[in-house]
Amino acid sequence: MIKVGVVGGTGYTGVELLRLVAQHPEMRLQVITSRKEAGLPVADLFPSLRGHVGLAFSDPSRAPLSDCDLVFFATPNGVAMEQVRELLEAGVRVIDLAADFRLKDIAEWERWYGMTHACPDLVDGAVYGLPEVNRDPIRSANLVANPGCYPTAVQLGFLPLVETGVIDMGSLIADAKSGVSGAGRKAEIPILMAESADNFKAYGVTGHRHLPEISQGLQHAAGHPVGLTFVPHLTPMIRGIHATLYGRLVRPNIDLQALFEARYANEPFVDVLPPGSHPETRSVRASNICRIAVHRPQGGNTVVVLSVIDNLVKGAAGQALHNANLMFDWPETLGLTQLPILP
Amino acid sequence: MIKVGVVGGTGYTGVELLRLVAQHPEMRLQVITSRKEAGLPVADLFPSLRGHVGLAFSDPSRAPLSDCDLVFFATPNGVAMEQVRELLEAGVRVIDLAADFRLKDIAEWERWYGMTHACPDLVDGAVYGLPEVNRDPIRSANLVANPGCYPTAVQLGFLPLVETGVIDMGSLIADAKSGVSGAGRKAEIPILMAESADNFKAYGVTGHRHLPEISQGLQHAAGHPVGLTFVPHLTPMIRGIHATLYGRLVRPNIDLQALFEARYANEPFVDVLPPGSHPETRSVRASNICRIAVHRPQGGNTVVVLSVIDNLVKGAAGQALHNANLMFDWPETLGLTQLPILP
Amino acid sequence: MIKVGVVGGTGYTGVELLRLVAQHPEMRLQVITSRKEAGLPVADLFPSLRGHVGLAFSDPSRAPLSDCDLVFFATPNGVAMEQVRELLEAGVRVIDLAADFRLKDIAEWERWYGMTHACPDLVDGAVYGLPEVNRDPIRSANLVANPGCYPTAVQLGFLPLVETGVIDMGSLIADAKSGVSGAGRKAEIPILMAESADNFKAYGVTGHRHLPEISQGLQHAAGHPVGLTFVPHLTPMIRGIHATLYGRLVRPNIDLQALFEARYANEPFVDVLPPGSHPETRSVRASNICRIAVHRPQGGNTVVVLSVIDNLVKGAAGQALHNANLMFDWPETLGLTQLPILP
Amino acid sequence: MIKVGVVGGTGYTGVELLRLVAQHPEMRLQVITSRKEAGLPVADLFPSLRGHVGLAFSDPSRAPLSDCDLVFFATPNGVAMEQVRELLEAGVRVIDLAADFRLKDIAEWERWYGMTHACPDLVDGAVYGLPEVNRDPIRSANLVANPGCYPTAVQLGFLPLVETGVIDMGSLIADAKSGVSGAGRKAEIPILMAESADNFKAYGVTGHRHLPEISQGLQHAAGHPVGLTFVPHLTPMIRGIHATLYGRLVRPNIDLQALFEARYANEPFVDVLPPGSHPETRSVRASNICRIAVHRPQGGNTVVVLSVIDNLVKGAAGQALHNANLMFDWPETLGLTQLPILP
């Protein structure tokens, strides 16, 4: 049983983390911070946690985070980088669910996130927490950069193709659709229900922060730079990401289904569907699974991959727990076996 | 570990039962039947169950139900009553999630359900499976009539008032709102998304089958007949029931909050909220909890009770498992501790 | 063709007003103000108006409102009362879509709205703009207080019963459900889509500002005070109000259907449905109609009235145009004949 | 004033057609047929039409369609082709909103639609009713094949690029998202609200009937065959199509914004948005407009076009009325000037 701290527990990633930590047999939630809600019992803000989370939010400045074995940051970008060094030096292991340690190229990070990085020297040692790629480094990591939601769905969908070089690396297209919880629990007009329900739109076509993260991951898998067009869309649902991925086959004789099945044969959280399938986002709702189908329409040279995750679980809090399971040498699926909620 | 059978597993109550049974540590799903889908792997119909339910649907006529220790009927009304006798005689215990054994008055049942009852002699021995009322009889029951979704939410909200006689029994009003999964997984136009999303309507104002069930329960609690107006509404959400209950106080000095808290102090699945609360349906989504708040607007003589449940869990499959836990003498919350999914 | 001004055009009431004014054959939109958005073309904020509204938002302090023949206030409560006197003195007629002039009892108003009324002397001369009650006074009014959304649906549903005294006036119950646009276009967390979709809750049970407004109207219709319990609910849809109204019959022999049909026989915007009907909110979506059904479940003494409107049209902007049609002696339905949008 | 008949008025295309025809100043609805609902007043099925459509459904076999000047078929595929010849011979002009006359290649049609074409000789004379392409032929047509919803959104988005040859014709990608009304008013489980709300999925990746229709149109515009990958998705909203289109630029110096603006400068129903825009489906809800934005992310060689329509209006009934306006030499926008409904 380890002692766990959560910094920034009032967003959707935070409350999802609390839900999962509360059900994890080896974790005891020790402290949860929120500048704005300090003093308020967590279950008053989130009645769904009544009876399961007895703590109140602590003021971040006085929270005993150094006593924890593991601290999750579920904060806005730019917060974790200010506090991580102190925790690491105190021997605390850290998983950052925000973007502070995801990009290895500091200049690129600073350009996309519009701020100066507070601890560039720690970035190199941080491990990108996509277990399907970095399982071993994660085990021994002290600082894990938990992947973004879109990057998780898109990379898992592209990886088998990119690692084997069966598609043209210069013309990848990721058309991704996210539920509104992906935009966070923020008081902003465009994500009001009266604005976003019964409505569909693209956004960030000119450039989205997950683009460099995805590119970095695919480039690493390919061994050389990739050309990627990434178009995210806001979808009138609460949870879920559906990535529709397009690539041009350069090795037309490949058995795509076999390729995907082999790549993920031993992955507990990636499920390759039978040929001809169309995964639904609800088939993974509230669970840590990524379901994938691969198509080759009309037998042509375009590969279409469909990849779905729950953005708050496999795209955030669940993947963070998966990383923790690796870091503490527990079974990978510990505390993550909840079945999807359908309907 | 007992052997469990599920008759009729293709509806929403059925798939929810499968989700919960698959996570119950003392149950092994042995057989699941469906006339229409016989031979089809369950996980092909419900991909959310991939990896957790390996069975295929069996043809009901050849399913080895008598080998089970417990059989759940998640069938349309009128099916269980044709098969229960044989199972009971074979020593199988039965929980019917449909309405066949809910009403003690056979004539009343036949009037509301429009058919002749196949085994009226078994009705008397059936126990109405609302644990908060019938805990002890359920323990020893061989045949449990699992309550309807509306009746669960409405009765739990009214019980403290009715049992103590603090309100006028002749003028109870239950204004109830249900998500569309309450209408079942049936190919019917009014529950298409294009019909029921972004729309709200009452239905069955002239008479709904849950009216006699609620009346029977409240009458039993009161010790004499009650006058109830019940108006159900279809709400554009998937899961959840919100019952808004109105009663006229006849003992105005009563401390309503204390009354409710005392009544449910030892109930693991009923949560009385602090004064002034407004429970949300999502605060119980996918969990077996009923949350209740009691109000007395402007200090007048009208009591307003707000009661929320997930219609598929506390209103169906979860309550059925709760009943099973009682019948097999397991801890009441076994397999039912999943936290609500929010957002 | 009159010159029309709109003060506060960035909320949902405002944009709906713009949609309707733009299609009204006798109105020319002259000026539209917004402190926050001054200078921004209206159609940049609301692309749905591209090609139909060419104006930009003006700064309120410099907007030539006195040149208008008619000014609509689609502002938060408390704004209109600061500006109306000057406009009236300049000969401009005014329709306030907020609550500043709805309650005749100034002390009551100040208590519910938490501010001192800026022009109590004007309240008496203001006409409550419910055409079905005040048709003639509206014709000659210079200042119209446009009713609230809930009050419109609830009063129209209760009026035939209350005016004729066929129900007990001491125990009226209005259980009302509103779509989220009723909460306005405000950056607030509880009305985010991730909070309010797939969710249902009551709110304001202890007291809602529309309670005194409804009570005042029903009391006026009854000729004496009424006892009303009003419980509003937030419903996961964009537009629409469904009021479910309960009353106890004191004249059991009354023909309720005939009563309702007679009351609204000549009303262009109230549609009494055939016996046994359940009006849906979508049957009036985007139109100025109120549809009503009256029931007497099981032939008992409880009357149940179902009343639906579009909160932004008959509950706000459409009713305001109806009032304007009366004030300027145009046909009542001018510019208001758009059919509901279904599905 | 012409006499109009509607064959098959019980689907969403049909009821939308009725809404628009009822508001068209030059059309009088003379007859509306439905085999299943013969005898039923239309407004009983669709209360939104109460007071505006007084007709009852007629049995198709006895409906006086030949007396009409114009007949719309809002029927399933394969119905119109059985009846059109007789009507044309009687001098009636026909607009088919289904697919019977959309594909010029009869063999191709028979392969995709799985039936033998009943009147292949009439196909050649039918005009594909996309006014932005076929304005003049439509004016004189007696038989118009109204385009499909996806084909309308996709073609309008690709046309400026394809007509000028600025993109590679061999690698077009159309990732399209539709609201559930596009699936029709049919009693089918996958489009139940409990199945399709809060859910997102692709479908028909292996082949969708709109693929050959789009290909035919683009090929015609390009002057030679095109290679198109088309992936439709079901989106949890009622109305709306969002097409996200990808092409590879072969003339990188082109000013894309100017190209699109010039192409649609005189089109009353196509609105090219300013650079950097992201059109929302709700910005065209219930109106006959297509809004388009063109992007070139990161200044690369991939063009991204975003194109939105209301599938029931510009994608069906509204475009049919536009065609009728052309055929009868009325102003193109007659009866089609309703503003979009937002929120």
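Just so it is clear, A, B, C and D label the chains in written order, and each chain counts residues from 1 on its own.
Going forward, contacts are C-beta pairs under 8 Å (C-beta built on N, C-alpha and C of every residue); 3 or more make two chains touch, one makes a residue touch a chain.
Every value quoted in this text rests on a predicted model; they were computed, and no experiment measured them.
By the residue-number overlap criterion, the interface of chain B with chain C counts as same, with over half of its numbers used by both chains.
Overlaying chain B on chain D by C-alpha atoms takes a rotation of 180 degrees, rounded in steps of 5.
The distance from the centre of chain B to the centre of chain D, with each centre set as the mean of the Cα atoms, comes to 45 Å. Separation between the centroids of chain B and chain C, computed from CA atoms only, is 39 Å.
Computed from the mean C-alpha positions, the centre of chain C lies at a distance of 36 Å from the centre of chain D.
Among all residues of chain D, those that touch two or more other chains are 12, 179, 181, 185, 194-195, 197-198, 236-239, 279-280, 282, 285, 343. Remark: chain C residues 12, 15, 19, 22-23, 46-52, 181, 185, 197-198, 238-239, 271, 273, 277, 279-280, 282-287, 291, 312, 337-343 touch chain D in the complex.
Only residues 12, 179-181, 183, 185-189, 191-198, 236-238 of chain A touch chain C when the two sit together in their complex.
Residues of chain D that touch chain A in their complex: 171, 173, 175, 177, 179, 194-195, 197-203, 205-207, 227, 229-231, 233, 235-240, 242, 244, 246, 248, 276, 278-282, 285, 295, 297-298, 300, 302, 304, 306, 308, 343.
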